[in-house]
Amino acid sequence: MELTTAAEQKSLLATLDPGKRTRLRRLLFEFGPGNGTLLFLPIDQGIEHGPRDFFPNPASKDPGYQFRLAAEAGYSAIACQIGLATKYYPDYAGQVPLILKVNGRTDVPPSDEALSTTNSTVEDAVRLGADAVGYTLYVGSPRQDADLRQLRDVRRDCDRFGMPLIIWAYPRGSAIEAKGGRDSFYAIDYAARLAMEMGADVVKLNMPKIDREKDREAPAPYNDLDVTQEDAIRQCVESAGRSLVVLSGGSKVDDDKLLEQTRFVMEAGGSGVIYGRNVWQREWSEAVEVIEQIKEIMLSSVTRIP
Amino acid sequence: MELTTAAEQKSLLATLDPGKRTRLRRLLFEFGPGNGTLLFLPIDQGIEHGPRDFFPNPASKDPGYQFRLAAEAGYSAIACQIGLATKYYPDYAGQVPLILKVNGRTDVPPSDEALSTTNSTVEDAVRLGADAVGYTLYVGSPRQDADLRQLRDVRRDCDRFGMPLIIWAYPRGSAIEAKGGRDSFYAIDYAARLAMEMGADVVKLNMPKIDREKDREAPAPYNDLDVTQEDAIRQCVESAGRSLVVLSGGSKVDDDKLLEQTRFVMEAGGSGVIYGRNVWQREWSEAVEVIEQIKEIMLSSVTRIP
Amino acid sequence: MELTTAAEQKSLLATLDPGKRTRLRRLLFEFGPGNGTLLFLPIDQGIEHGPRDFFPNPASKDPGYQFRLAAEAGYSAIACQIGLATKYYPDYAGQVPLILKVNGRTDVPPSDEALSTTNSTVEDAVRLGADAVGYTLYVGSPRQDADLRQLRDVRRDCDRFGMPLIIWAYPRGSAIEAKGGRDSFYAIDYAARLAMEMGADVVKLNMPKIDREKDREAPAPYNDLDVTQEDAIRQCVESAGRSLVVLSGGSKVDDDKLLEQTRFVMEAGGSGVIYGRNVWQREWSEAVEVIEQIKEIMLSSVTRIP
Amino acid sequence: MELTTAAEQKSLLATLDPGKRTRLRRLLFEFGPGNGTLLFLPIDQGIEHGPRDFFPNPASKDPGYQFRLAAEAGYSAIACQIGLATKYYPDYAGQVPLILKVNGRTDVPPSDEALSTTNSTVEDAVRLGADAVGYTLYVGSPRQDADLRQLRDVRRDCDRFGMPLIIWAYPRGSAIEAKGGRDSFYAIDYAARLAMEMGADVVKLNMPKIDREKDREAPAPYNDLDVTQEDAIRQCVESAGRSLVVLSGGSKVDDDKLLEQTRFVMEAGGSGVIYGRNVWQREWSEAVEVIEQIKEIMLSSVTRIP
Amino acid sequence: MELTTAAEQKSLLATLDPGKRTRLRRLLFEFGPGNGTLLFLPIDQGIEHGPRDFFPNPASKDPGYQFRLAAEAGYSAIACQIGLATKYYPDYAGQVPLILKVNGRTDVPPSDEALSTTNSTVEDAVRLGADAVGYTLYVGSPRQDADLRQLRDVRRDCDRFGMPLIIWAYPRGSAIEAKGGRDSFYAIDYAARLAMEMGADVVKLNMPKIDREKDREAPAPYNDLDVTQEDAIRQCVESAGRSLVVLSGGSKVDDDKLLEQTRFVMEAGGSGVIYGRNVWQREWSEAVEVIEQIKEIMLSSVTRIP
């Protein structure tokens, strides 16, 4: 099985209108690594998980910690919800681009019928000087009907205001668990394609995991494939087509693993990474150091023509 | 039982306002076979089934493959969702007409209470230079109340902008399964009529299948009819009245079967076919060749007065 | 038990604003029998039941059959949904008044929690030159909350545009079945009153049926009444107050029965009848003939002051 | 336990804006008893119960009966839904004030999750020359979320148009039945307070009933109170604060009981009564006579400063 | 585990636009203790619990009692729903600031899927001269999707009108009960953070309670922490970041306890307290006296730079 290479597929910027192009270029070339790649810092765990993620590094409980880190260590952008954007971003306005995440939910109730409703708007993003909007799409949830309709309005407003749309494409819900689970190659691959078809300019994916046992419950041909994780990542990136792909690290892993997977992502055609807990659950100096190492890897990949 | 012939029933264009007439004529006479018939290429499987449909022909994973095929082999139009329309159609603008499908869903959750919500709008279609809008109606679903109300707004906007409305009329849901199933003559015949009554200019149907066993669960007189598939197709076409009918091929079948059913459709009064996987799951040259054969059959039918 | 006679109650036109009065007069005096009575032809069975109602007379499958019949045999109006109104009514515009039915549903799913959502609008009716709007209200359905709220908007738009509102008042749903069923005197009587209180100008009712066994489950005093069907009809007509009442024939009955019940309706104070399948499930000449007989009976009643 | 007396609490008119004050004064001083008390005639039973309430006095089936009674016997106002207001009120316009009830439901489905949706609007009330709007709030229903939100919009429009808001505050639903039932002192007392807090100018309550057995299921201290019905009425009136309170009679009781409870209400600080079936289920002369007796009691209470 | 001190985190006013700043300064410096702290009187118990809370002090049933207390004893503001704001606040306008609570619910139905819908609007608050808006957010409820979306609109209107937003952040619902309960440190801590992230200017929290047994059901690390209640309060205050925090007293406790917890709150970095039943369930003189003692404690803390 041979696919056209990712490099051939990519030429996103050329398809964008001036507003989206201006803002996305800022993320790709003016901040972060600066070579057409993306390094995002997410600070939405306070909503999605509660304050428990801040205990390993108490300093991280103050949102100022993440904002300062994003600005001083040179991230491409910081992603957060309306409250932080309103009360903390002003101190760093212009020093690091803002991605306003417009929906979210606590993880208190179960995720069987997950739906993440919007708590802010694209117009809020414009008003706050953001350079992109983030939306969490629960791919395959029984409530996808409400999710896709809601996304329609966010997407439309992004088109209207020239605001790049970043979709956090998360397989979720009882039905996906019955078909191999949220981390399977099947699930992530579907999520990548769906996000692109729904109008994402950038797609945020979790790393697909290969689990022969669970994969048997996925639809053909995923139930009978023999792929490595690296290969799966590459194929997910291709499924996103002209949409740029950033992959996330999830919960904290050791340094070697973190740098290795960064290399994987870049080699697979990904446009960047989104590292939160892996970075800000560290002391300041340690955090700054690992960011430098990550950026080195990203810069060592050839300059991208996104 | 004798019905008026389809030929007598048809005279759609004469009933349309200038906007719809202009756009629909483009599909019927300026592109595709050009003799008043319709040959559509759907590329919405990435949403409806996920990337799994692209594995038989990996090149098809790149949406550019389908767009190029539609443009170069001379389809009447290509049908896709907002993401592809935004990021891929620009390269082929003017070379092949666009049908914007405004709703969709993944097949991850079960279809018992299927509802496909809109992820784009008729106004998007206008903005993108589309010549028609596609809408999936789940005929007989327990959630038909939400479906019909949603379709009302899409239909109203089509009337407002002079945009032809193509309804993908799919029997679906637990209730239809209890009455003979989604592919029965009863189900498809009902779907054809409902779509027409809801204001479709063109109705997209799946081929009805005759299954004496299951048909017994359908309401009278369908539970006791003795019809051939060819006859069933003809009657479904008639049920759509002045709405034009295109029939789909579904999953890939062999060439003889494909060409035979094309002939069936045209003889039964259908206005055309919509072939996706049957075409783009082939290598380029093989795909181009089969399209030529399909078009020959369509052209061999007398010129239609749609 | 003595009630004021229906004749005393009736003086609807005098209460209507100019728009409603103009349009309703057209139905009462310019078309159909012309003596202040109403003879409606419904062609919404294609949605409500599917094409199966057309099998007894295949010619009826072509909507042109019903439109021609309504125009040539002289009905007061024809009632249909948006699709037929758009694609078939233009050929008969001005030859027979149009009632646009703005909601509908397939009978594929069960009716336990019936709700019929709108698929067109009063504004559509104005645009199409209709002289009235039809709305199906499922009286007593567990989803009456959504139904009444939806009717509020239709009624408000009718007031706004001076469009007469005809309510198809159908008892329906699990709760009504538990209280004697949808055809009981209790159910139809309640339906007549509710429709009038919700602002109907004309109420369409099914014939109440007397079934001593089932009536025992109805609330007092209906569970212990000793009335004939003729008496029940009369009382239902009175319950509708100043709203005009038309009664329907339902599925096809023999000619004597049809003419007899027409006489019942007129003597009971009804303003007319709505006959669909009883008429168009016949060959053309037979259909025209029976319509003549029906009209004779309607004309033999004294001229009405609606 | 001692409360401030109702007399001290009352001074509603002084807090109202000109529009509400003008209209409410009309009800309090220009019509009905005219001494600052309220005598309302409700004719919404046709919706809430169906025509069965009209059987005891067949003449009452014609809505003209109630309108004439309200006008000629001198009620403060008549309360009805949009249909009657449109088709019957015009004959009595200016002869008796109109309260437009904007929501309602049939009692066919069970009340476990009762919700009464709006079938007309405050704007309708303005257009029809009404002097107040009536809204049924199902206190404690599991669907109170939808109810309170709906009331918000009605209340806002009342503020906008200077239209007095009368809340029919009815404890209803499975949860209230589990806590002593809809007629308990606990339930009615809660209803009185909630209606006032939601912005009612006038609250319509049913008579609380003392039932030691069922009251034990109510929350403390209601489960252990030793109050008479008269005392309970007084306390419910106080719970409504500055909102005026009218109490209803419910189903027909004998004359002595009716006049006695009228006296109770007035002595307890109530501003009036709302008597429907107790009045119009009588022959005309008998009805007129009992109204005279009721008004005498109301006039024998000192003039109120509402 | 060491966190940055609350004092370092706080500098809310500097981040606010002129409208919010003007109004919030009024609460912090012109009314109440006046040293940058907040003393709120809530009178929403009539909706949330019914009149039962007024029995211990019957005078409190008259809303004028609480308004007079708030004004004369010098509270920072009084919080109530639209009915009281409209009918009682006018007498005290300008004498004590108003917080309009825009949502509420009765406690009659169970709280498993709690949702509190809005019964008034931010525009109402502007019109009534309020200085802040209050919103109850049920953190972790299965219906958080509707809650967060509703809050989005309230928050947006607060931004639009420069109206401070106070979020009553209440963990509630079946899912939170399964993870240690609504009063656990885990639950309150999550609530504090969520409210801040949703755009609260002030967060109202209940006191966290330490219950080793139930805490084991909370997610790590909360299931295994060894904290005092004082420490838990401090951490919850920190989780609210730049949002000011006021803590509530809940049901009536004895005076020593009340004053002690006031001291706790202020030492933990809280900006104030919200005491309702603890104050107004007392006779007038006793109430005034305890308010004086509370204010002394609040004034004995250094002047705050909110």
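Letters A, B, C, D and E mark the chains in the order given here, with residues in each chain numbered from 1 onward.
The rule we apply is simple: a residue touches a chain if its C-beta (ideal position, glycine included) is under 8 Å from a C-beta of that chain, and two chains touch if they have at least 3 such contacts.
The structure displayed is predicted, hence computed values, not measured ones.
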Separation of subunit B from subunit D in touching-chain steps, minimised, is 2
Under the touch definition above, the chains in contact with both subunit D and subunit E are none
Subunit B turns onto subunit C (C-alpha superposition, degrees, nearest 5) by 70
Whole-Å distance, C-alpha centre of subunit A to that of subunit D, is 57
CA centroids of subunit A and subunit E: separation to the nearest Å works out as 35
So subunit D residues touching two or more other chains come to none
Listed in rising order, the residues of subunit B that touch subunit A in the complex are 44, 46-47, 50-52, 55, 58-59, 61-64, 80-84, 86-88, 90, 104-106, 108-110, 115-121, 124
The residues of subunit B that touch subunit C in their complex are 1-4, 8-9, 12, 15, 139-142, 144-146, 148-149, 151-152, 155-156, 159, 171, 173, 175-176, 179, 186, 189-190, 192-194, 196-200, 219-222, 235, 238-239, 241-243
